[in-house]
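The following pair of complexes shares a single chain, chain A, combined with chain B in the former and chain C in the latter.
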Partner chain A sequence: MTRRLTGFPASFQRGFRRSVHRAVAAGLLAAALAIPGTAALVAAPAMAQETPVRGGVLNSIVQPEPPTLMLGLNQQGPTQTVAGKIYQGLLTYDQKLNPMPSLAESWTVSPDGLTYTFKLFPNVKWHDGQPFTAKDVVFSTSKFLMEVHPRARAVFSRCESITALDDHTVEFKLKEPFPAFIQAFEVSSAPIVPAHIYEGTDYRANPANNTPIGTGPFKLKEWVKGSHIQLVRNEEYYKKDLPYLDGITFRVIPDAASRSLALESGQVQQTQYSDLEPFEVPRMKALPNLTLTTAGYEFVAPLSWLEINHRVKPLGDKRFRKAIAYAIDRKFIRDKIWFGLGRVPTGPINSVVKFYDPKVTTYEPNLDKAKALLDEMGLKPDGKGVRATVKLMPMPYGETWTRLGEYLKQALGKVGIAVVLESTDAAGWAQRVSNWDYEITTNFLYQYGDPALGVARTYISSNIRKGVLFTNTMGYSNPKVDELFAHAAQEIDPAKRQADYSEVQRILSDDLPVVWLLEMEFPTFLDKRVRNANTTAIGVNDTYESVWLAK
Partner chain B sequence: MLGFAHLFASRLVKAVAILIAIVVMNFFLVHAAPGDPAMVMAGEAGAADERFVAQLREQFGLDRPLYEQLGTYVGKIAQGDLGFSYRQQRPVWDILAERLPATLVLTLTAFVLALALGVALGTLAAVTVGTWADSAITVVALLAYATPIYWIGLMLSLLFSIQLGWLPAFGYETIGAGYTGLAHAADVAAHLILPVITLALFYMASYARLTRASMLEVRGLDFIKTAKAKGLSQSRIVTRHVLRNAILPVITVAGIQAGQLVGGSILIETVFAWPGIGRLAFEAVLQRDYQVLLGIFLVTSIMVILFNILTDILYGLVDPRIQVSQ
Partner chain C sequence: MMKSDFWRAFARNKGAVLGLVILTAIVVLAAFASVLFPGDPWDMATAPFQPPLSEGAPLGSDMLGRDIASGIAHGARVSLLIGLTSTAAALAIGVTLGALAGFHGGRIDDAIMRFTELFQTIPNFVLAVVLVAIFTPSLTTIVAAIAVVSWPPLARLARAEFLSLRTREFVQAAITTGQSNSSIILRQILPNSLSPIIVSASLMVATAILLESSLSFLGLGDPNAMSWGYMIGAARTVIRQAWWMSVFPGLAIVLTVLALNLVGEGLNDALNPKLARSRG
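Then we have the complex of A and B:
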């Protein structure tokens, strides 16, 4: 099983700064920065010389099969890839994580950072023909998502009020400044759902969940469970002449080797995320009809690490964690286990996310340093050369993680740390990690474009919550770190935010609450005839309104 | 005939008792696995809070004590209701009804093909024992029996779909083609060929080996000598005397395998992306979709019981000496 997570984009910073400047310069609402959301802009400039052709069906893979396509209720990775064509958010983001129009045509941020005003596209219709208005946005963000969507709940609970100023204008007033707010409107973070279908109903039990009604360029035509999901063009789409494609078909192919065959034989023209095992990537890359890109994952910006339970001795001692870091060759992991996909990390923030700072304590492979640290702790080798025994439970999300577990066992064994590998499945893993019933595990989290949205949650002590996944399961607690993250989240001056985040990165890289392993990159393979795909920070999860197939 | 009626009735009574025991045991078995569907869904979402998991558990009824959940479940089963899938939010009956035809068309075709070919090849090998034909059949059967089934599947797919381009590599039908009637049947049949061959090869090998061994054993018995002495033709001796007596072990094995028709094709369904019930079961385990899993267990249990009864009846038909014990 592959896990695909989602999140908030974070390159809010630049967009925010720009918004503030304009708002200051031209007065609040009047200065709404109007970025026209036309197809021409969305289309990649490199393809500008070619005229898009209408027609054709794009075939791709959906794996694992999503439980539902109602994106408000389920934000599993495959759900996003499919439902991102059906539903839309107010914004999408370019690959530098700057906000771009989606359902919102333009937006402004007040200089005090408390009021966000969005102007919606006129003439947008739901797939059932009803008009889309500000009422839908207010309902989605203040009621629907607050009830069912954990990430959206955390963001929109910061709102003092959410108001429809008129049919096409929505105003969000925050209780306190939260500059990451502008990163929170991507389609999976805040999908806009139809108020006329959901208002006053039991959201999870609504029969309409099986027939998703969105505003996007594609509509659900047919979903044969276990076989395929077929989307067809929304003829009423509000952008003239879009989308180009007649439809998109997602095939459910559970076996990794069969997925490679499907791509190789041309039966699908696109694969994404973990569809292919990393060891297949070099072979596929060599095929003449395919292009490989790792762009389009900037919004999720996954970072993987060794998650370490500080409650278990001697894992609570940072010298032990440093010894682990020195014993591991992370370049080897990147090159030999992920076959070159990814970057060696330096600290808690992925280098494609804003506020990343490389000036931190780093750990090059050095067995002597590792042994010296263990000696210093008094962990001397016994007759078999074993200084300590730890249990490692690799995450059950594909063969690559198992291989990583085997490598770690070898690498740590060299400095006298004996590793007992534990195996489990996804449900067991979630249960044990969230209840702190583990010693060391591998994990990866998405960063959602802003440290306030995707990074702080792992390290702040207020997020030590038993039974909840993707929290501070290590039990790491440092008041200074808490304070810096809290302050940075509310600071609207980007320079001051940077200072906070730089300091927190330096502290964390020395405390080493987790051992960062890899800034992961996912491979997207596209048939060379597929044009204009993968132009935003959410890549394959975007609407595909301007994607077309060359003859 | 009265014997059969008796047998059938008493077997049915036992079957119901067994089924109840199976339902209860399975219920505890699936709940014994660590984690629950709410946890799995939280894990997939990539973000969670207390409320998210609590809401799901409440919606699924997992916040109730286990015995209460069991009571609810057994009560529903008694009314013929298999419950509701947590993930798909649809009745389990609907999901099973949707997946069963795909699995049955695959496994039944493979089963019939394997049985016919296996018995034929086994007979041929036994008749020609010691010749090149026998050796060839034995080697092929051994290979097919020993090679991992998913590997054969991938290799066939590589050869016939990727290299030669003759057959579709996976799936149940051509998506979006909108075929009806005969065209649709032909389309499904084309998709069926590779998975059926892959699955049938394995079973065929076991039937062939079994038939051959059993026939060789029967061939040396006295009554065969008598038949020969009577001057019966070779073909009549083989079909009427040797095969009929040698077929009993094959029926036994076939009966057991027939019971597994519903659940036994997980690997094939996975490799060929066949939307069947084996895969549904596998995914339900990983996702802790308890009700779906229990529903599949129930259906497969019923299949096993039915085929066992059928096998017993067949015994009596093939060999009238076998008495029905009360």
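Then we have the complex of A and C:
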């Protein structure tokens, strides 16, 4: 039954699941689809006729090699991709960011928005054979993650209580409404870890961290450092007949050129995130055996911008920041520097994230407007045509960001803003940005599915925290913005939330605390034989329980 | 008389003459870069990824549409500037220390030579990378780093020359006439030991240019100065799509370093005729 479900096209599954997402278990869904009439209704697209076959090993790349696979302790990108197959969260999300079952079979939210009750799948076992119960969920969210996972701590500290009502029911009671709560149960945001292994131990020093025990469809078989990580099928997986694959092998390939070669030669059937440099993408896209998708990154939804230190004159003046925005051609950045990957942003919220509103002040390239704004500020060009000199420290994350810095220097030079480029290494960059010791830098942040989780942190004045990276390092402060973000985070009526977020987007696009550059997209390349991969908002980080290889 | 001898000896080496011609061409290119290619070499002058011989970009354009030819001309300035200033700095350190060690001998010699050996034991490119990385890349730090890693051979050379010359009769004569040490070093011994130093300095300019290119290739160049090494480093990743972005600056480096070596060889022939003959 489940097999037939997974044979249907992803778009259909998403649409259907959305309409029933609150209450219907996946099992019921599959049962409904098994009625012949219902199934015939939706059998149109070609892929729907294909029956998944069992077997085969999927090869992919992990880069850089993760320090550990214990997802609760480390949530770096590569760790998530590998450990997302071993561990599970209560929920996963479709590509419109609506919650879908993972360890939780169904869930309800009380009308006052204060109580969230999750019904767990029965018969789930840890990889060591112990049963998975509500106790594990309570332990993970109220103890383990609170201690070791900053992002989860920020969410679960909003809970008044977390209780196991019975072995398969967990109830979260919030102190005050926080509708973004439902977006916080993805596997890297809240991985569920085994209480019987971690309870009462020193979590970070637990020897079991080297042999991760999860509930996911794949188990760790072998990790040869510097070579590969081999996962094999979990024969005890609680969904019948799943997973289809015999295993997944992640190869460690530190050299960028070798990674593209591995994909080209068919040694690996999948690459993700930054495995390939953007300039390789056009070439790989042309290969007949590969498909390119940029879907599956909706949960992270990275947005990049020029981070501007408002404490430095004249950067604190919004007319100057607007002049910068008018001087930059963001289409050029997307097409020539990112080789077409990404979307031109309009404001602080990535267009794939909930509550995005395109009706804001936008900045088309216009050198005359830029110069007029600078004139208005009294910044007249000197003998060499220079109106102001600023220092730009490009993010040291590889050469695409270096190219971006070079482009920005030229583009701003055209309106009389002389740019001095500063180079630095990753540690130095983090140190200087978090301590406000910079003028302008490039940066990008993930948005985690809800503005309350991933957007507000950059603009609210309570998050001006010296020494902490990815906070409001600009020193931007607008009481109205603070109020709107605070109100929207606690409002349970989606329409009212939308009104708040729309207003905040309009204010921010006019105040321009940062200059948004690009809604980044990552390329996922898949061999054409790989089926059913990349169907959720976390794409390659999902469990891959229903991924299969066509012969 | 001396001069014409020098030129005759130099011109006898055909390679040296060729080297001089190439080198002159490069110096002219660097000197007139802003006349030949007005405007900033960082400007996006044309469409990105234009192959050579396209309009507005005789040698093609790079991934941001910058003119490769303009980059090479302006890069020549940076390369020559860094080559010459860092060699001058290395000469100042190396010859001073070498002269003091060779002239005074004894403990001073020991101390200076141990210090020199300390530098010689560290691979010089690695040291240069570390220095530039610590002091953040800029033209000044790059020149300083190259000078710091390049002076030890000069110091040893100067010391050897001074050791042998200080026992000569003209030096002894100068000592007996009561000339001061500094006067003997600067006016008696130094002029007579210049030939080998000039020869190795000319080769050192070539090495310095290579060092700078390697540093920029690794992304440790001055981010505000267009240089050949930077151009190759940036183009390396697209070499399969656009060979011209790395080949032309590569040729520029090869030609310059080759020319400097040929000229150095010629200088050696002209200034050390005995050596040249015994070799030949």
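Just so we're on the same page, the second predicted complex is superposed on the first by the 504 of 551 C-alpha atoms of A that agree within 3 Å, B and C clash if a C-alpha of one lies under 4 Å from a C-alpha of the other, contacts with A are read in each partner's own complex, and residues count from 1 in each chain.
Keep this in mind: contacts are C-beta pairs under 8 Å (C-beta built on N, C-alpha and C of every residue); 3 or more make two chains touch, one makes a residue touch a chain.
Because the structure is a prediction, the values reported are computed rather than measured.
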For the overlay on chain A, clash or fit between chain B and chain C?
fit
Between chain B and chain C, whom does A:P479 touch in the aligned arrangement: first, second, both, or neither?
neither
Pick one for A:G405: touches chain B only (first), chain C only (second), both, or neither.
second
Touch check for A:I337: first (chain B), second (chain C), both, or neither?
second
I want to verify the contact counts: of chain B and chain C, which reaches more residues of chain A?
B
After superposition on the shared chain, which partner residues are touched by A:T424: those of chain B (first), chain C (second), both, or neither?
both
For A:G378, decide between first (touching chain B), second (touching chain C), both and neither.
neither
Once the structures are superposed on A, label A:E277 by its partner contacts, choosing first (chain B), second (chain C), both or neither.
second
With the two complexes superposed on chain A, say which partner A:P288 touches: chain B (first), chain C (second), both, or neither.
neither
Applying the touch criterion given at the start, work out whether A:G200 contacts chain B, chain C, both or neither, answering first, second, both or neither.
neither
Look at A:G413 in the shared chain and tell me whether it touches chain B only, chain C only, both, or neither; answer first, second, both or neither.
second
Rounded to the nearest angstrom, what is the minimum C-alpha distance from chain B to chain C in the superposition?
7
Footprint overlap on chain A, comparing chain B with chain C
257, 424-425
Can you check the complex and tell me which residues of chain A touch chain C?
256-257, 277, 279, 283, 336-337, 399, 402-403, 405-407, 409-410, 413, 420-425
Using the touch definition from the top, list the residues of chain C that touch chain A in their complex.
40, 42-44, 48, 63-65, 133, 136-137, 219-220, 223-224, 234, 237-238, 240-241
Quick check: in the complex, which residue numbers of chain B touch chain A?
33-37, 39-53, 55, 59, 87-90, 95, 98-99, 102, 150, 154, 157-158, 161-162, 168-173, 175-176, 269-273, 275-276, 279-280, 283, 285-288
Considering only the defined contacts, which chain A positions touch chain B in the complex?
1, 3-7, 57, 64-65, 67-68, 74-77, 148, 150-151, 153-154, 204-205, 209-210, 224-228, 230, 247, 249, 251-255, 257-258, 261-262, 264-265, 267, 424-432, 434, 445-446, 465, 467-470
